[in-house]
Amino acid sequence: MQKITREQLIEKASELLANGTVSCVLGWGAGEFGYDVTPTVFKTAEEMKTGFVFSDFCGANFSKYLVAKTQKTEGKILVFLKPCDTYSFNQLLTEHRFDREKVYAVGIPCEGMADISKIKAICGEGISSITAEGDTFIVTTLYDDEPIAIEASAVLAERCVNCKSKKHVAYDELMGEDGDVLDSGRFDEVARLEAMTPDERFAFWQNELSRCIRCNACRDACPACTCEKCVFDNPKSGVENKSPANSFEEKLFHIIRAFHVAGRCTDCGECSRVCPQNIPLHLLNRKFIKDINEFYGDYQAGAEVGSRAPLVNYTTADLEPGEVFNREG
Amino acid sequence: MQVNEYKPLIVAFCCNWCSYAGADLAGNNRLAYPADVKIIRVPCSCRVNPMFILRAFQRGADGVIICGCHPGDCHYTSGNYYTRRRMAALFSMLDFLGIERERTRVEWVSAAEGAKFAATMNDFAQKVAALGENKRLEDLRCKK
Amino acid sequence: MLKCSLDKIQNLFAEISKSAKLYLPVDGKDGGASYGEWSEGVEWSGALNTTKSPKDFFFPQTEDLMAFKTAGKSIEIIDTRSESEDFVVFGVRACDAKSFDILDRVFLSEPQDSFYAMKRKHGIIVTAACTKPSETCFCQTFGIDPASPAGDISTWKTADALYLQANTEKGTALLEKLGAILEECSDDAVNAQKEKTAAIMQKLPLKDLNTDDFGGGKTQELFNNPAWDELSQSCLGCGTCTFVCPTCQCYDIKDFNTGNGVIRYRCWDSCMYSEFTRMAHGNNRLTQKERFRQRFMHKLVYYPENNDGLFSCVGCGRCLAKCPISMNIVKVMKKIGGNKGE
């Protein structure tokens, strides 16, 4: 499904490694089953030839890794950024979280990434191979004699179904053609929830958040969560907790986390992608984004470096908290 | 016979420069407001972190109100403007999670507005009392 | 061997739940299965396994140990334990059934953990044989046969019936209570299913993964392996692997200030967390590499060293499916052990 190939990326990386522009490459490492891709640092072109992969399962957003990797690495790091990753990249630069001089960013086009759980929902467990042919995945399993053909559009990750932009907002070099900011339906689900009664909304979230196992994957994968020490990890904070002891703590964690990234969240969707319990965490972030757009004017975090996030800004004519609900009637 | 009327526990975060003085004035003028309003003095209304509000609910508050200087009058020039944006976003989020919107409020009370302070507290306590106990943001472990 | 026709399975569940609470895997709206209490109309999930393992029944994620109340200078200690009632955990897979052996060695060795022991005493485990293992399954690496699960009662589901066999006294007692719903039958259908599953096991991608390079006494050899750097480099430090793992048994004991007293509780901890085993002097594992290494060394070296060679992994494949960056014990075993498994 992806238009750019593994070979093209390896060629580009080899060239940049050979001419000394970069000292290493942050890329996707192949796994056991074709869909289990691990972010990996490659030091040589040879390493890339054996271990590098680029497929429809390379959803991981590398931007956050740059915070740690740029501190450890001598020379520049080559990083491949999909359009949505570039927003996180800019946002981290806005917050001075890594040294731009130590990164060589190559923008790569993205046709949307697949969600393996959606594929498994169609063809079941026991996948032996997945190959992309045009806009179709050909899946062979241990239990079906014939390969199963699945339309790629049917198994797109949620965030890609509602892709907000195919445009790269940051790069040193661009491979392929740049796209446009899209008119996505990403707020539709938020609007649907808003239209419910408070009781229905409460029941919805109570059910979703009750599955939380507090693994912190959402936080640890989030490019906006780069605090050295999270308040929820700090025993002196009074709210540190390693488990969701009851429904209050589930809500506390997710409200505070969503609030802390409000105005800075680029809506990259990593939180929902990594959640082992499939909690639609992106809806909390999108609610804040939608509100901020409606209250204070359209704002896309990460669209440009140095922009002032809405919650650390103000105008004297802002609406009053009490007016928030009156507006909605 | 004693009637056990339900009285909501209200936590009021008041800024040091205006609203806390406003509460003082209400007291000096012998203006009545519910005794179950517990005032916590903060340097500025923007000192109130969303965590404070949720923790108040956790420890048994039925309503939380934040009082600060009128916009434009902040002792620190702009603190309450930030409060206004943050709380607008936070309250909207609480509502999104199905938590009663009447349980949280922001009100601007100056040092001269003792009467407004008392009236605000009376009104807020009444609204919260109508909702009953806070069930949606309660922590059962903290119930006596 | 006893059997129950599948159209009577709801009757079977109803009968079991007369004497004990019955928990079984049920499908969630999100597509994942989890254990839920049976009540009329609740269907047994067809999923291979639940997202969270059934260790939760015996070693819950959060569990109150005791409470304190202070009044003036006196302190009252309140015992919050409640005597457990019998309960049945139905549909446990062979891998998860084996995980209880691993947990038992930790919690039931002296001094016994009374919280865990009580729940083990009251819990009846009914296992279900696998017929369609996933590509992520590698239980055979640890000598587990998914077609012959352990537990108090083993069951096999075929196209039209559920076959049951008691393995322990507890299991026999439960089956006796079920009486008329069950009928005696031969082992033929079950044996046929076992053969079929055995053939599938030979086709699994991880079938050749073995533990030859691991076990007690390997600490010196494996601890300083340079590959740990590479393996741990993209670990996010989240606790997903440890919290979905059926054998991870580390916990933390914490005090919660309720405002009018203190509740002392324990909760699962994860060696991936920066606060894990933090002491007065600070933390003894300062980097993610050290934390990452701890997890796998514990499962593959330290635990077997202390437990007669028993590995602390059952090959359920949950971490393979759930790790946000797809780093897992299989990749570690192949890299560190030089075991390509091909």
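Going in written order, the chains are labelled A, B and C, and every chain counts its residues from 1.
The criterion applied here is as follows: contacts are C-beta pairs under 8 Å (C-beta built on N, C-alpha and C of every residue); 3 or more make two chains touch, one makes a residue touch a chain.
All values derive from a computational prediction rather than experimental measurement.
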Chain with minimal offset from the mean of all protein Cα atoms: A
Pair joined by the larger number of C-beta contacts - A-B, B-C: A-B
What is the distance, in whole Å, between the centres of chain A and chain C, each centre taken as the mean of its C-alpha atoms? 30
For the pair chain A and chain B, the C-alpha centroid-to-centroid distance in angstrom is 37
Quick check: how many Å separate the C-alpha centres of chain B and chain C? 46
Going by the touch rule set out above, which residues of chain C reach two or more other chains? 256
Hunt down the residues of chain A that sit against at least two other chains at once, touch-wise. 238, 245-246
Among the residues of chain B, which are close enough to touch at least two other chains? 139, 141
Per the touch rule above, chain A residues touching chain C in the complex are 31-33, 36-41, 60, 65, 117, 121, 124-128, 142-143, 207, 211, 213-217, 219-221, 229, 233, 235, 238, 240-246, 273-274, 276-279
Considering the complex alone, what residue numbers of chain C touch chain B? 256, 258-260, 263
Chain A contact footprint on chain B (complex, rising order): 50-51, 54-55, 57-58, 71-72, 78, 81-82, 84-101, 104-106, 136-141
Of chain B, residues touching chain C in the complex: 59-60, 139, 141-142, 144
Residue numbers of chain A touching chain B in their complex, please. 190, 193-194, 198-206, 231, 238-239, 245-246, 248-249, 251-252, 255-256, 258-259, 262, 284, 287-288, 291-292, 295-296, 310-316, 318-322, 324-325
